[in-house]
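Next, two complexes with subunit A in common: one pairs it with subunit B, the other with subunit C.
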Partner chain A sequence: MAQPGVNTAGSGGLLRKNKVQKRIFIFFAIGPSFLGYLLFTLYPNILSVYYSLLEWNGISASKFIGLDNYIYMFKDNFVWTSLYHNLILMITVPILTIYISVFLAYLLNNKGYLESAFYKVLFFLPNVLAIVVVALLWRFIYDGEYGMLNAFLKLFGIETNNFYWLGDTRTALWAILPVSIWSGVGLYIIIFMNAMKGIPASLYESAILDGATHMQRLFKITMPLINPVIRVSALFLVLGAFKGFELILIMTNGGPSGSTEVIGSYMFNMAFGKNSHNYGYASAIGMFLFIIMVVAKMIIDKFSKRDEIEF
Partner chain B sequence: MENNKRTWVDLVWRILLFIWALSILVPLLWIILESLKTNKEFFANVWALPDKLMWVNYKTAWKSYNLGPTALNTLYFVGVSLLLGTFLTTLNAYALTRLQWRGRTLIWSTIMISLFLPGINALVPQYVLMRDLHLTNSLTGLIILDSLGESVFFLMLLGGFMQSLPKELEESAYMDGASLMQVFLRIIVPLSTPGIVTVAIFKFLGLYNAFLGPFIYLGDQAKYTIGVAMYNANQLMQYKADWVTLFAGVTIAMLPTIVLYIIFQRQISEGATLGGVKG
Partner chain C sequence: MFDIISPSFNGDAGTIAQKEGLFEELTDLWDREVPDKKGVKLKDVVLPNTMEYSAKIDGKFYQIPMGAYALGLFYDKTLFEKNGWNQNPKTWDEFKKLVSDIKAKGIIPITYPGVYPDYIYFGFRIKMFEMAEKKGTLDQFTKDYRSFKQPFYTSTEYKEMWNRITELGKMGAYPDGVAAINHTQSQMQLLQGKAAMAATGDWVENEMKDSIPDGFKWGFMSIPFGDSANDKIWIENGIGAGSMMIWKNKPENVKKWAKEFNLFLMTNEIQAFNGKFGISPIRKDFADDPKNLEQLQSAPRAVLEFAKNNKSQYGTTVQDVSFSHPSAARATKLLQDSIIDMATGKKDSGAVLEEAEKLLKEAIDSSKK
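Up next, the complex of A and B:
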């Protein structure tokens, strides 16, 4: 067993030889990951500042053009339309996801229905599916001729005349919404259920004595008490809706005629798309995103320190 | 709080829960059902049951989408990245959370910067870098990109786990003359196994479900992983209306993660909670 005076800070009492050995160990333990992080993550992020000042298609010689990309960007209508689509998703997806998951989590947590145990497993299932699987699955659902949605509506006598949900500029963006929610809710149900387990039962008991209904308990007790968790979740969902674009890339690739284009997919297609290899401009859009996110984060941090609840 | 009396409102709640359950089950079962029909049956009526279960669709999908080579590519990419990445993350978490050394705070705060990076603006420079290193269009290149790096989420998950182990364990081993590597491999790794398993499961899900990386970096169809292969198969669907085969292919693609989820359901739920609170 450890002697007095030996067990300080884990490494105390080691001989000089062991100190050298420790340095070597740390070098090899941290080295590969950390150098990889510097090279593949930090360095490209810093480099993107420089790239945004170039006119470059990735192959021929690049040309330094100063802030021209940024000036062009502010005049580019596609950028603003895309950001508008992001804004719609940033408002709708987090609100709906959070309300649905808080509600379902509350039912699963506070109501001991026989089937709840099965639902707890089932509801997370969409979260483990690959984004390609989710996107293709919903493409099939939304298909005009053979899609499940139109076939389902037909069962209720609603004739859609083979309406292509993802092929119409009026519905395409709104058709993305349920997919985002469907594939995201499971995670938040688990998170909220876990947060709700931390609420002392005594709080509910006194409310029950006062005759509070389940809805009152949910809105007056549960939601305020798990508010910090809800807020963090909302932040993640908003950020996700801002920078996420894989689902859209696979489902619609921004179409039809740009009606589902978000800033991420616009930038992606600018850099890696079939018709365009405009690395400089794509980097400028990326930088713009970066700035928006940092500013948003600062604003959120400033306002989110208030009304923490202890219990 | 299960001492509540059941009322008619409960019926409404149960129906709502049931509807959400259906919204998950029906699409998944629907696609499996359609994958067992003929195209003719599918075109005729999307609800009808097939006359005969067409398991041959799976064989066709396997062949026409090159799923044999694709499965090997996926296995290579996911397998090596998983082993290498998990090993490195474990070493990292140990050195960063349980050892005291100069520069540790600096390294840790440098890693924390990654939380502020949206990632999306680095896509282009990262691609150019990979191209200059001749790592594009290569599964090995993707493995390097995905295994060498830092993830705050995994470091916190595993580091938190390791910090809960008592210090005396290592100290008595040092007294017996064990080296750091021996302590790491014989004491820390075995005791952290539950945490390492959770990290490995999440890495597996992330790697198997990865789309953007393979989509950007793998140009050659012979190198496709399963996600890109299915994306490509769907793109080609515009030219041939072979739906049932595509359904079979998508079903194949989703099976591994569903099976994994059923096996490791508890670890995944627990890990997801951690990720949500700290990530």
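Up next, the complex of A and C:
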């Protein structure tokens, strides 16, 4: 209701001006990123859907083949073998990364080490290294003749006879695991440490008074309270296990004998390989991968605890 | 887009681009006079069979080989001299003896980067042409090979090539753990004397120039597949070590001068300049002036030396056809994934080649639709 003596026409104009200013601000704040998203994420993804319906080498005229690429893909044994390797990585890498990260984050947060800052830098260091550097470093560690791993085992009297860990189908994929975990743990330590810092000390004090051990405090207090962060981290790690292939491309190129081929590297080689330039088929594999990741996300959401405990 | 490009295509992408008419035709340059020799046409001054076996699409050239690269087995002459090994086996049996002698000394006979297993073909692929020539079917084989005509993977030549690769593998010719070895590692094995021969190209000296130990002398040999010392030994060479391609969609004046530039690149002065950086010359009169030879790096010079000392023939394994059907890519991948095991006899090469042939047939049938 208009107040006596108040110029309502003026305040209406001011309100309108505020609204316009707000809209202009939002436009300039969000606009560039949204434009970038449209140009570099949404548009290429929509185009990929179209490409997946083509037989196309990227240069010659394309041929519309409908769903033939998808029908072919389901009969392609290389796709299923690659996905099997992804499954192994998906089961092992996220679980081990989170387990190690939570454990180390808890220690660094609660044990009060003097050299805690040094440990944080040490654990985070792999995350600042380029993936090429990480891959080449571990290639050296796994080398048969000069590798650190063989030298280390020799210290304990285990003779490996210059075994090439990346050159045997029995060990190559398992050799990738430590690299993936090592290069990812640092980031999650930092994330979990920050999440743990938000837990009131009084909870731990009460628990200590009640005689709770470190393990009990970790599993009964810390982990339930940082569960949302763990859930999101698990999601990123699971999606990364499906999407990522750079490490494999550099370390093993999918070998030996395809034993480390993952869906990402297969798709990449299908599009940009030496004797393969099939963007259509690669796009179809990409779409399939997209669906797999959406399903993975839905499964994680369904089966992970959503209880958010307030304190 | 640039007026000219130095082609360094990934696999058959160059063939696809040329077929699509993206580049200017350069066939007429073969009949032009070379700038540094009056009255001499380009086609008469390049290495024998260059034109015949150069990459072309439907008989038309879109690149003129400014330089060549040679593939085969590179070795350290010093190591061979020290051990008294045969540096120039003339027959298949002599080569097998060489492999045994090397193995007996605890040294790897032939190394290659197993992370990219088709590098093994650098030592063997051209041998199919060598075998076809001996049978008297070279022309037909060349035509069929270039056009991917079936039987391709199960042709007599392809199967025999694999039989020989496996024969050497069963003798222990290849390194243990080869699947984990990349280019640098395999070439370092050669430089450090841990491996006697490396299946690679003549660019290896330029690539490893900062790591070559004192006393290392580059040698080259191509594996002889014949059973007589008089049999010709084929050397695989290829184009792409610096040729220039001209974009079609450019003003006529630009293309005219780009062609003149292309011709200029064929002078011996440029050949010698490129030779300093590991690019083998394509001019057959290059060696007429000893000063030219002095400028060549040792590895490409070793190739020329081998060609001079043997009844040899250069050839290329380029193909004029490519397929965009995924079955063709799967055939290649099947072979690539099986190379390590086939080479040592752990996997039956016959069965793998049969399966690859079926996949190729799917790709060919699809392209006909």
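Here is the rule we go by: the second predicted complex is superposed on the first by the 260 of 311 C-alpha atoms of A that agree within 3 Å, B and C clash if a C-alpha of one lies under 4 Å from a C-alpha of the other, contacts with A are read in each partner's own complex, and residues count from 1 in each chain.
The working rule: contacts are C-beta pairs under 8 Å (C-beta built on N, C-alpha and C of every residue); 3 or more make two chains touch, one makes a residue touch a chain.
Fair warning: this is a prediction, and the values are worked out from it, not measured in the lab.
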Which partner chains sit in contact with A:F272 here, subunit B, subunit C, both or neither? Use first/second/both/neither.
both
Check whether A:G167 is in contact with subunit B, with subunit C, with both or with neither, and answer first, second, both or neither.
second
Touch test for A:G258: subunit B only (first), subunit C only (second), both, or neither?
second
Looking only at subunit A, is it subunit B or subunit C that touches more of its residues?
B
For A:I59, is the partner it touches subunit B (first), subunit C (second), both, or none of the two (neither)?
second
According to the stated criteria, A:V232 is in contact with first (subunit B), second (subunit C), both, or neither; which is it?
first
Now for A:R139: first (subunit B), second (subunit C), both, or neither, which partner does it touch?
both
So, does A:G240 touch the first partner subunit B, the second partner subunit C, both, or neither?
neither
What is the contact status of A:F25 with respect to subunit B (first) and subunit C (second): first, second, both, or neither?
first
Show me the subunit A residues, by the header's touch rule, that subunit B contacts in one structure and subunit C contacts in the other.
58, 139, 272
Of subunit A, residues touching subunit C in the complex
55-60, 69, 72, 76, 78, 139, 142-145, 162-168, 172, 252-258, 261, 269-270, 272-278, 280-281
Give the list of subunit B residues in touch with subunit A in this complex.
1-2, 4, 9-10, 13-14, 16-18, 20-21, 23-28, 30-31, 42-43, 46-47, 88-89, 91-92, 94-96, 98-101, 107, 110-111, 113-114, 116-129, 144-145, 147-150, 167-168, 170-172, 174-175, 179-181, 184, 205, 208-209, 211-212, 216, 226-228, 230-231, 234, 243, 246-247, 250, 253-254, 257-258, 260-261, 265, 268-269, 272-273, 276-277, 279
Residues of subunit A defined as touching subunit B within the complex:
1-3, 6-7, 9-11, 13-14, 18, 21-23, 25-26, 28-30, 32-45, 47-48, 51, 58, 100, 103-104, 107-108, 110-113, 115-116, 118-133, 136-141, 146-148, 151, 155, 182, 187-188, 190-191, 194, 201, 204, 214, 229, 232-233, 236, 243, 245-246, 250, 264, 267-268, 271-272, 279, 282-283, 285-287, 289-290, 293-294, 297
Which bits of subunit C are touching subunit A when the two form their complex?
10-13, 16-17, 19-20, 22, 114-118, 176-182, 185, 194, 322, 324-326, 328-330, 332-333, 337-338, 340-341, 366
